[in-house]
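What follows is chain A paired twice: with chain B in the first complex and chain C in the second.
For the complex of A and B:
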């Protein structure tokens, strides 16, 4: 077994779990001098079946609502003890961070606590059976937005969490993907080198929720980047910089690869492409 | 459940870090990834992408820890020189 691995195996994430890959990449970048406050969700549940834990660094399980509040408190206490060099991270899924725990995160950013907030975005409340969240993309079928004769899946567009973070005028905001490990590594290290509140949003496919073969997690993550379903960028000093140039693959290839979009017709997909192009033009051109 | 016998601190505090290693998730496998050592170039891409952290690059070769490998086959799919193949797991 590898000695420098900070997340021990034996955790119960599904085979091919995207968030598990994200956490491994995250920990490789943070190193051991780190405390993690983890909101409820797949990663928390699968890594800490009492009385065992996969984590080899200080880690605390907190409610959805207060990961950011607990992280702020830990930051204050460590600073008081003269341990300002310890990294503090508030971590959770899209449900925990973009929806339920959001107001505590907004508070953390507004107060200016020296904490890195991370969303691992698997685009649903996966742990409780794939309910739709603010992170679920348009038209995805979930257990609370099932597709059928009267529905094309989720009606709303994905919530733009990094833009909301940027509106707090914090020093560093970035998006990352498990398909780009070196880029992810660089962004986490950069974020931790900056004092103050920062946010990284990590896109990571979930084999159960998105319904694709468990060997294709990275393939799907790459397709998300190339079809412009997920953009990689940094926002510093109010300036947004793209860090990955998409190939411009038709979104059809991404949608067809996942059963959560299986119900979409050719016309629906055409409409999807149009909206993707509009959003990209609005945000990056 | 040898761990259960240890003294536990009340309040859900776990001091035995990395202790999920008692759970051998290798029993989950339907397919087994098998590395062709002649083809493997030791690039480490599979190691980065394995969700379970059970690949190690030793002497520039990919070594899989079958005690924990769940058989997702991401490593097989992402290997740039196609050095990994699948076999049906024999129980």
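For the complex of A and C:
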């Protein structure tokens, strides 16, 4: 751990916050020559209470759904000023990037700005009290998709954002997890070494949204990888390469560790395992 | 200076180009499209060294302007109608972040029903967004106002975004004889942001989260800057006049043949041209054209209306739920508690591109004697 971290302590994220860990790892990889353009969300609201800030690098927040468009403007302005060496990163949670801000990101990728887009995916609108998002996994109970006698939580499968990124044929797409910090570091550095639009999707457990003990954040992140709930890979030149080999732990262990899935019966979990195996076979075999 | 003949949109583009923006952000919408097309052409021909960003929506257009401006660049964009409505959330962020963006609005009606023709509902509906709003009568005035707009917006004590409003089709698609300045470098210097920009050598946080007290303080600052901008708008107008020898009233309002007239017509934008033609032939009526709608020049308007008997407002917008247009309520409110308040009549005209012709204006003036104070009427085509 470096003393001179670029995200200063004292911010107001929850104890055990996965996204906060992700941001610290991210900034260690980017270094100080970086501008962060942050969508509204947990990280924005907890790190910049006026007149204080946790950011030791230039940082801007404008709205919920326009981080990628603002970042496009910043990138072109800096290039016009001869500052092409400065990294520009559009950063947001799954709500800000996969749902409400998606058009702006698709536009950025299509236009080809030299910007790294990052989603810290904690699988709900956590900042507003854990509502369902496009990033929420199947059957998770959220405040807008609560489980009950007539509901098993969210009815839909998680939106495949990295695949959508890849469909824009951008030079670099990767997934990362706070459980694999060296892998995350490597991917961010690699992304920033490539000119053009890039995408990294970081899986970040959320202690209040997923409902597990705040000491278990990394453990949950690891379980997501080993149960194949989250896959780590890179997509370059249309080729997908796995960067972590999961142990194949039954998904039951992941689901049982979080209260958002506690309504699921043994049959539900069996069905869950079946679908996970199908998706894995489709995407990686 | 030699006169040239030019389409309004081309003249608008050339005026924007004279200001040498670092970035031109473009998204098409009728009747604005010719403006960004012409800017794109100037960039493609190498005549304008700006970065041309063609975005995915008007929402992204203004967002990219915010990013560019926050990074210290001079930016330009243009929109209309639904595009301005889509930008609404960004409008408030741009002014709250005190970014000197200049945007042309080619005024057009708002859906529904969908309608591509001119009225002012789009920009009037954005009147509380913290943008200075300047409405122009002619293409010449658009050219001169865009150049002044950067000077106003970038003033260290103001730092507010400016909307330059031009009537869709009436000004965007009209061909006008005008003077196009060859250079504005004596008037408008290269933009140097006085405060925060996004620079890793001097890291700063922009657009933070604020609790009620600092939030209210910052909003008050914004409101004060808006009020203070009236004097800056006048000064930028006067300084421009010294170099280019053209004036538009005092930069905020224009009084046209109002001396010794008992009846005053108030309007904005290109409709003032029709009104001028009417009042030229009458000895009872003058014109007060409001050029600057935000900040609202209350004192200037009040002084201009002192001692007048009848005020007829012609306005191309409706503030739904109040039965009247926005100008009517605002002009009446400044006459509250004042003796000898004139009779104030409101005519909703030109909605969705309907005509408001000189004979319509004549009829309205002729009938005004029989109308009571507070009379509101829609002018409909026969």
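As a working rule, the second predicted complex is superposed on the first by the 282 of 285 C-alpha atoms of A that agree within 3 Å, B and C clash if a C-alpha of one lies under 4 Å from a C-alpha of the other, contacts with A are read in each partner's own complex, and residues count from 1 in each chain.
Just so it is clear, contacts are C-beta pairs under 8 Å (C-beta built on N, C-alpha and C of every residue); 3 or more make two chains touch, one makes a residue touch a chain.
Predicted, not measured: the structure shown is a model, and the values here were computed from it.
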First, second, both or neither for A:253, with chain B first and chain C second: neither
First (chain B), second (chain C), both or neither touched by A:24: first
First (chain B), second (chain C), both or neither touched by A:214: first
A:155 touches, of chain B and chain C: first, second, both or neither? neither
Which superposed partner A:16 touches (first chain B, second chain C, both, neither): first
First, second, both or neither for A:55, with chain B first and chain C second: both
Contacts of A:8 with chain B and chain C, given as first, second, both or neither: first
On chain A, positions contacted by chain B and by chain C: 48-51, 53, 55-57, 61
Contact footprint of chain C on chain A as seen in their complex: 32-35, 37, 44-45, 48-51, 53, 55-63, 65-66, 68-81, 86, 103-104, 106-107, 110-111
Interfacial residue positions of chain B with respect to chain A in the complex: 3-4, 6, 8, 12, 14, 16-25, 28, 48-54, 56, 65, 67-68, 70-74, 76-78
Complex interface listing, chain A residues touching chain B: 1-2, 5, 7-13, 15-18, 20-21, 24-25, 47-57, 61, 178, 181, 214-219
Chain C residues touching chain A - in the complex, by the definition given at the top: 22-23, 25, 51, 53-57, 59-61, 63-73, 75, 89-90, 93, 97, 198-200, 202-211, 214-215, 218
